[in-house]
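Read through the structures below before going on.
Each of the next two complexes has subunit A plus one more chain, namely subunit B in the first and subunit C in the second.
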Partner chain A sequence: MSLIHEIDYGTPASKSEKMVTLTIDGREVTVTEGTSIMRASMDAGIEIPKLCATDMMDAFGSCRLCLVEIQGRAGMPASCTTPVAPGLVVSTQTPRLKDVRRGVMELYISDHPLDCLTCAANGDCELQDMAGAVGLRDVRYGYEGENHVRARNDGAINVKWQPKDESNPYFTFDSSKCIVCSRCVRACEEVQGTFALTIEGRGFDSRVSAGMHEDFVSSECVSCGACVQACPTATLTEKSVIEIGQPEHSVVTTCAYCGVGCSFKAEMRGEELVRMVPWKDGQANRGHSCVKGRFAYGYSTHRDRILNPMIREKITDPWREVSWEEAFAHVASEFRRIQYQYGRDSIGGITSSRCTNEETYLVQKIVRAGFGNNNVDTCARVCHSPTGYGLGQTFGTSAGTQNFDSVEETDVVIVIGANPTDGHPVFASRLKKRLRQGAKLIVIDPRRIDLVKGPHVEASYHLPLRPGTNVAVVTALAHVIVTEGLFDEKFIRERCDWSEFEDWAAFVSEDRHSPEAVEGLTGVSAELIRGAARLFATGGNGSIYYGLGVTEHSQGSTTVMAIANLAMATGNIGRPGVGVNPLRGQNNVQGSCDMGSFPHELPGYRHISDDATRETFEKLWGVSLSNEPGLRIPNMLDAAVEGSFKGIYIQGEDILQSDPDTRHVSAGLAAMECVVVQDLFLNETANYAHVFLPGSTFLEKDGTFTNAERRINRVRRVMTPRNGLADWEVTQKLAQAMGLAWNYGHPSEIMDEIAATTPSFALVSYDYLEKMGSVQWPCNEKHPQGSPIMHVDGFVRGKGKFIRTEYVATDEKTGPRFPLLLTTGRILSQYNVGAQTRRTDNVVWHEEDRLEIHPHDAENRGIRDGDWVRLASRSGETTLHALITDRVSPGVVYTTFHHPDTQANVITTDFSDWATNCPEYKVTAVQVSPSNGPSDWQVEYDEQARRSRRIAGKLEAAE
Partner chain B sequence: MSNDAKLVRMANQIATFFHSQPAAEGPQGVATHINKFWEPRMRRQLFDIVDHRGGEGLDPLVLAAAPLIKRPAPDQSISQRA
Partner chain C sequence: MNLHVSGDIGTRTLAIIDAMKDLEGPLLPILHEVQAEFGYVPQESLPVIAKALNLSRAEVHGVVTFYHDFRDHPTGRHVLKLCRAEACQSMGGDAIADRVKALLGIDFHQTTLDGAVTLEPVYCLGLCSCAPSAMLDGAVHARLDAASAAELVQEARR
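Here is the complex of A and B:
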C-alpha cells in the first residue's frame, strides 16, 4: 500500500476532438485543440514548475513560474494560459527561464516563514517542491523589512501580520504562509460556486479574505474543503493533519452520506484516518466534496459508539452486555419462539440504505429464506418508493435516467421538491457551474431555496407553490406545452404509445388544468407557470431533478408520473443533458431498492409472484419462497399494534426518529416482543429494543454502494471494525444461528451471487469494478461498459407510457385550529436523523432544529426571532426555537428533523402516498404559538430515552 | 385512527387514482395494485369489510374490484407454525 498521488495536469482537459501536434523540448506531442502548453507538457511527462495552476480550475497565469519560450514568439509566455497550436516549438528549460524562475521563487520565499521542519505541510508542500525544482539556494533580499510573516518587527507591532484563523472546526487559515496564488479563491468560485473567498487589498497588501474580512466560520464559507485541497502551502490545512502528520498510505472508497456517492481517498497513517480527500477520478464528484464527506467522519470513533452486543428482557430494564454468541442464540430462539406462537408471518426485517449492497442483500435473504416470509422493507419506503412505482409504470424501470456528468450538457433545468445545495451539495456545485455557463433554471418549491438566487446564479422562474399541489402545477405545465403545441411529436411517435399520448394530451388540455384555473389552489401565478413551461419546452436540452418534496406526499407517485410525462412530451429522454433524475437521500437508497429490499419484489425489481424469478432463488437458496407480498414498514407497525406482528430485525435504520407519527411508531415497537436493532449508536429506535447488535462504519468493511446515478462504487475497508464484525458478518452469524448454511468468506462472494441471479448486475464483480473503477447498471452482456444513460434507443418497458395525473387534494387540510402548513427538509451540515453528523463538529453550524416562519405569521402570533414556540398538529405537539424569515411564504412553516429532542415527527401525520404508503412528511396542518419551553411530551420522551439507555455496570451513556 | 379505517382510506386512495384513468382500467387497476402490494392479512381485513360489513366506507370502485382481488389463504397463524 502506498499514498495515491494524483497527477495534476495544471489546467482542465479540453473537450475538443480536433488534434494538434507541436514540439516540446524536442519531443513531438499530439493533444486536443484548446489544451494548454502546460497540460500538453505534462501529458508528455514534462512537469513545468507551477504554483497558481491546478487542473481543477481554469488557468490564471499569476505565479509567473510556468513560463516557457516558444520559437518565433517574443518573451516568455505562461504555459498555463497559452494554448497549443500546430507546429509550435516550445522549450520549458533555457538559461533565461531558469534565471527568471529562480528570481520569482526568491521573491516568494523572502516573505515566507522558514519553519519547514515543523510546518504541517512538510512532505506535502508545493512551494517547497518548487523551490527545490528551480534550484533556489539563496534569498538575496534577506528576511527583514516589510513582511506578513512575523507578529513583530524589531519589537514593533507588524500590522501586516494576521493571527491564525482557527474558527473553522476542521481547518486553519494561516495568512503568514500565503503566497496569494488565488487557488483557494478560484476553488470557491469555480468548483464550489459559493464565492465566499476573495483577495482584499492590492499589491503587497493583497491577502486572502473570507467574506468581508471575517473569520471563516462567520463568513458564507460552507466548509466544502475545496480551498484546503487547492492550497499549495500550509496556509489552509486540515486540523487533523496538523494534529497527526502526513498520511503514509491511502485507499479509494465511497462516501457514506448522501446519494451523490462521492469517491474519496481515505488517507491513512496506520489504522488512523488522517483525512478524506475527494478523488479526481471519482465519476460522481470529479474531485469535489462537501463538509460532510470531507470532514464529518469523527462519529466513527465517537465515544458513544456501542462496541459490545447487549440484551435485556424488558425495555424498562438496563442493558446487559453479552458475547456475540449469546446475542445470536438469543435472537434466534426468540424469533423461532414468536413464529411458533404467533405464526410464520409475525416477524420481519428492515434493510438499511446506509449499509452496503451486499449487507442489504443478506438482510432481505435472511427474511425470505430464514424467516420464510416477505416482511422486508427499507427506509426507501419513506423517501423514494414513489419513484420506484412512478418511473416503473411510465418508463419501465425504477431509476434515474442520467449520470451526473449529464448536467454539463443541459440547457434548462427544473429542480422540483429538492434543495441540492443542502441535500446534495456536490451535485449542486456541478449544477451551479453549468448555470454560470448560461443554462436556465426553474425552481418549483414552496421555499426560496438557495438556488433561487445566489452568487452568479439566479432562477429564471421560481414557482412558490402551496405544499401538496405538485400534481396541479406539473399538470398545468403540461397543459401549456400541449395546448401551445410545444410537444415533441417526432419523439413521442417514435418512442411512446401514441394513443396513450392522445388520451393524456386531451386530459391535460382540459381547461380545469390550465395555469389560470389552478392558480387559486397552487398559489402560483398563471404567468409564471406559462413562462416556465415555454422555457422548458423550447430551451434546448431539458432535465428534471427532484427530491423528497415530490415523493413524500399523498400524491407522490402521481407527481413522479407527471414528471415522467413532461420529460416524454418534450422529448427529453435518452441522451446526455436531459432526463428524469431522482436525487436520492441516503448513500445506498438506490442499491437497497435494487437488492430486493421491498416486500413485493426480489433483487432486480422482479415481483415476488413471478414463478421464474422465485425459482432462480429457490434453487440457489434451497428453500421455497412465499409468493405473497410482505408487509411494508407502516403496515408492520399497524400489524404490531393490532397484535399479529411481534418481532423485527432492524439494520441501520432509526424508524422511531425518521418515520412519521412518532406515537404510532413507538406504540408499534412497544407492542413487539423482540426488537433487534443493529446500529453504531443507541439510536432512538433502540429505546424500544430488546437486543442491540453493534454495527460497523463504512471505513471498517468492504462492499459496494450504488448512488443516485445507478453507479456501483466500491467501499473499501481501511480499519478493523471496532465492534469486531462487519455488518454483513453479523447478519451471516445470525443466519447461521437460525440454522441457515451460509458461508460467505468475503463480500465479493455475495456480489457474485447477486450477479448470478440478477440480470442487470450480470457482469458486476469486484474484479470487474477494480478494472473499471465503477459501473452503472444495467451492466451485462448487452451493456458491458454499464449504462451512463438509460432508455437510449427505446424505453425499458418498450413504449413510454403517458398516464393521466389528476390532482387530488390531500386529506391533511388547514382549518381554524391548524391554519399553517408545515413542510420539512434538511440542512447542509447535518444528515438525516443526525446520528452521525451530530457526533461531529458539524454541530457548529446547526445545533438545533428551528422553525422557519414568515414575518407576517410571526407578527400575528407575537413571536420574535429566537423565541420558543409550540408547534402543534392533529397528531401531536413539540416545541422549538423560531427563525423568522421570508424564505417561506405566509401560511407555510418549515423545519428540519436532524435532532431527536425536537421530535418533528411527533407532528407529522400517518397520511401516505396512495400507491406506496410513502408518508406525507411534506404537508402537515399546524398551529404555532408562543411557548415557555419543551412540551410535556419532550420532557417525558427525554426521560424515557435516558432510562432506556442505561447499561448495567456502566455510567449513563450520553446518548 | 383504527386499523380498519386506515385500510379503508388506503383502498379508497387507490380507487381515487383509478377514477381518473380510462374507465376500462378501473376495477382491474385497483385489483392489480392491491394484489401486487398488499400483504395477505391486509387483503383478509379488506375482505372482512367487503363480506361481513357490506363494504362499509369503501369506494364503489374498490367494491367493483373485489372479485378480481386475490383471496388470501385463511389465517395461517395457527396452521403454519414454523
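Here is the complex of A and C:
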C-alpha cells in the first residue's frame, strides 16, 4: 500500500474530438484540439513547473512559472493559457527559461517563511517542489524588506501580517504562507460555485479574503474543502494534518453520507485516518466534495460509540454488557421463542440504507430464509418508495435514468421538491457550473431554496407552490405542453404507447387542469406555470431532478408518474442531458432497494409471487419461501400495537426519530418483546431495545454502495472495526446462531451470490469493479460496461406508459385550529437524524433545529426572531426557536429534523402515499404560538431517553 | 439571510441599485454612485449590492478594495492628491509633498482635525510632461512649486 498520487495535468481536458500533433522537447505529441501546451506535455510525461495551474480549474496564467518557448513566436508564453496548434515546436527548458523561472521563484520565496521543517505541508508542498525543480539556491533580495511573514519588523508592528484564521473547525488559513496564486478563489468559484473567496487589495497588498475580510466561519464559505485541496502551500491546511502529519498510504473508498456517492481517498497513517480527499477519478463527484464527506468523519471515533454488545430484560433496566456469543444466543432464542408463541409472522427486520449492499442483502436473507417470512422493509419506505413504484410503472425500472455527468449536457433543468445545495451539495456544484454556462433553471418548491437566487445563479422560474399540490402543478405543466402542441410526437410514437398517450393527453387537456384553473389551489400564478412549461418543452435538453419534496406526500407516487409523463411527452429520455433523476437521500438507498429490502420484492425488483424468481433463491438457500408479501414498517408497528408482532431486528436505522408520528412508533416498539438494534450509537430507537449490537462504520468494512445514478462503488476497509465485527459479520453470526449454515469469508462472496441470482447485477464482481472503478447497473451480458444512461433504445418495460394523474387533495388540511402548513427538510452541515454529524464539529453550523416562519405570520402571532415557539399539529406538539425569514411563503412554516430533542416527527401525521405508504412528511397542518420552553413531551422524552441509556457499571452515557 | 434591508444606508443603496441595475456591467457605476451618495462606500452597502446583482459579498469586496478611489470611510470636505510617480518625483515632488504635509500638519491618508482636507498619494495623473502635479477635488494642478503648493493648500483649507 502506498499513497495514491494523482497526476495533475494543470488544465482541464478538452472535449474536442479533433486531434492535433505538435513537438514538445523533440517529442511528437498528439492531443485533442483545445488542450493546453501544459497538459499536452504532461500527457507526454514532461512536467512543466507551475504554481497557479491545476486541472480542476481553468487556466489562469498568473504564476509565470510555466513559461515555454515556441519556435517562431516571440517571448515566452505561459504553457497553461496557450493552446496547442498543429506543428508547434515547443521547448520547456532553455537557458532563458531557467533564468526567468529562478527569478520568479526568488520573488516568491523572498516573501515566504523559511520554516519548511516545521511546516504542516512539509512533504506535500508544491512551492517547495517548484523551488527544487527550478534549482533555487539563493534569494538575492534577502528577507528583511516589506513582507507578510513576520508579525513584527524590527520591533515595529507589521501591518501586512495577519494572524492565522482558525475559525473553521476543520482547516486553518495562514495568510503568511500565501503566494496569492488564486487557486483557492478559483476553486470556490469554478468547482464549488459559492464565490466565498476573493483577492482583496492590489499589488503587494493583495491577499486572499473570505467574504468581506471576515473569518472563514462568518463568511459565505460552506467548508467544502475545495480551496484546501487546491492550495499549493500550507496556507489552507486541514487541522488533522497539522495535528498528525502527512499520510503514508491511501485507499479509495466511497462516502457514506448522501446518495451522490462521492469517491474519496482515505489518507492514512497506520490505522489513523489523516484526511479524506475527493478522488478525481470518482465518476460521481469528479474530484469534488462537501463538508460532510470531506471532514465530518469524527463520529467514527467518537466516545459515544458503543463497542460491546448489550442486553436487558426490560427497557426500564440499565444495559448489561455481554459477549458477542451471549448476545447472538440470546437473540436467537428470543426470536425462536416469540415465533413459537405468537407464530412465524410475529417477527421481522429492517435493512439499512446506510449499510452496504452485501449487508442489506444478508438482512433480507435472514428474514426470508431464517425467520421464514417476508417481514422485511427498509428506510426507503419513508423516502423514495414512490420513486420505485412510479418509475417502475411508467418506464419499467425503479431508478433514475441518468448519470451525474449528464448534467453537463442539459439545457433546461427542473428541480422539484429538492434542495441540492443542502441535500446533495456535490451534485449542486455540478449543476451550478452548468447553469453558469447558460442552462436555464425552473425551481418548483414552496421554499425559496438557495438555487432560486444566489451568486451567478438565478432560476428563470420559481413556482412557490402550496405544500401538497405537486400533482396539480405538474399536471398543469403537462396541460400547457399538450394544449399548445409542444409535445414531441415523433418520440412518443416511436417509444411510447400512442393510445395511452392519447388518453393521457385528453385527460391533461381538460380545462380543470389548466394553470388558470389550479391557480387558486396551488398558489402559483398561471403565467409562471405557462412560462415554465414553454421553457421546458422548447429549451433543448430538458432534465428533471427531484427529491423527497416529491415523494413524501399522500400523492408521492402520482407525482413521480406525472414527472415521468412530462419527460416522455417532451422526448426527454434516453440520451445525455435529459432524464428523470431522483436525488436519493442516503448513500445506499438505491442499493438497499435493489437488494430486495421490500416485503414484496426479491433482489432486482422481482415480485415475491413470481415462482421462477422464488425458485432461484429457494434452490440456493435450501428453504421454501413464502409467496405472500410481508409487513411494511407501519404495518409492523400497527401489528405490534395490536399484539401480533413481537420482535424486530433493526440494522442501522433510527425509526423512532426518522419515522412519522413518533408516539405511534414508540407505542409499537414498547409493545414488542425483543427489539434488536444494531447501530454505532445508542440511538433513539435503542431506548426501546432489549438487545444492542454495536455496528461498524464505512471505514471499517468492505462492501459496495449504489448511489443515485445506479453506480456500484466499492467501499474499502481502512481500519479494524472498533467493535470487533463488520456489520455483515454480525448478521452472519446471528444467522448461524439461528441455525443457518452461512459461511461467507468476505463480502465479495456475498456479491457473487447477488450476481448469480440477480440478472441486473450478472457481471458485477469485486474483480470487475477493481478493473472498471465502478459500474452502473444493469451490468450484464447485454450491458457489459454498465448503463450510464437508461432506456437508450427503448424503455425497459417495452413502450413507455403514460398514466393519468388525478390530483386528490391530502386529508391533512388547514383549518381554524391549524392554519399553517409545516414542511420539513435538511441543511448542508447536518445529515438526516444527525446521529453522525451531531457527533462532529459540524455542529458549529447548526446547533439546533429552528422553525422558519414568514414575517407576516410571525407578526400576527407576536413572535420575534429567536423566540421559543410551540409547534402543534393534530398529532402532537413540540417547541423550538423561531427564525423569521421570507424564504417561506406566508402560510408555510419549515423546519429540519436533525436533532432528537426537537422531535419534529411528533408533529407529523401518519397519512401516507396511497401506493407505497411513504409517509407524508412534507405536509402537516400546524399552529405556531409563543412558548416559554420545552413541552411536557420533550421533558418526559428526555428523561426517558436518559434513563434508558444507562449501562450497568458505567457512568451515565452522555448524549 | 433576510431580504429586509435594515437602516438608512441599506435603503439608500437599494434606491441607487434600482436605478442602475439594468446597465451593462452595473457594479462599478453603482459603486461610484454609492460613493457619491455617502462620500465613501459603506461596508453595509456591500451585501445589499451583492444580493441585488447575484454576486457574493466576497466578489463585491474584492472589487471595492482593488480600487484605491473607493473609500471605506468618509474623507474631509476636500481631497488633495499629490502625484508620487516617477516623473513627479524626479521634478521635485518629494519636496512638494514634505511642504504640503508640513502646512497641513498631517501625513498621507490622514485628514486634518477640522475635517477640511484629506491628503492622499496618487500614482500618476498622466501629467508627466508638466510635473510635479496634484489634484484637488477632481481638478488637476501642474508645474507645482513651493508657492503654488502653498496656494493649493490655502484653497483646500477653505
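Structure notes:
To be clear about the criterion, the second predicted complex is superposed on the first by the 959 of 959 C-alpha atoms of A that agree within 3 Å, B and C clash if a C-alpha of one lies under 4 Å from a C-alpha of the other, contacts with A are read in each partner's own complex, and residues count from 1 in each chain.
The working rule: a contact is a pair of C-beta atoms (placed from the backbone, for glycine too) under 8 Å apart; a residue touches a chain by one contact, two chains touch by 3 or more.
The shown structure was predicted, so the numbers you read here are calculated from the model rather than taken from an experiment.
In the superposed pair of complexes, A:His5 makes contact with neither subunit B nor subunit C. Once the two complexes are overlaid on the shared chain, A:Glu458 sits against subunit C while remaining clear of subunit B.
Within the superposed three-chain model, A:Gln339 lies in touch with subunit B and out of touch with subunit C [touch as defined at top]. Contacts of A:Lys18 after superposition on the shared chain: neither subunit B nor subunit C is touched. Put subunit B and subunit C next to each other and count what each touches on subunit A; the higher total goes to B. Counting contacts by the rule stated earlier, no residue of subunit A appears in both its interface with subunit B and its interface with subunit C. Those residues of subunit A whose C-beta lies close enough to touch subunit C in the complex are 194-202, 209-213, 219-220, 453-458, 855, 884-886. Every residue of subunit A that touches subunit B in the complex is listed here, in rising order: 336, 339-340, 342-346, 372, 374-375, 503, 554, 558, 599-600, 607, 609, 628-632, 635, 638-639, 641-642, 644, 803-806, 808, 811, 910, 912, 914-917.
Interface residues of subunit C facing subunit A in the complex, by the touch rule stated above, are 2-4, 43, 46-47, 50, 54-62, 65-66, 68. On the subunit B side of its complex with subunit A, the touching residues are 1, 3, 6, 9-10, 13-14, 16-17, 19-22, 33, 35-42, 72, 76-78, 80-82.
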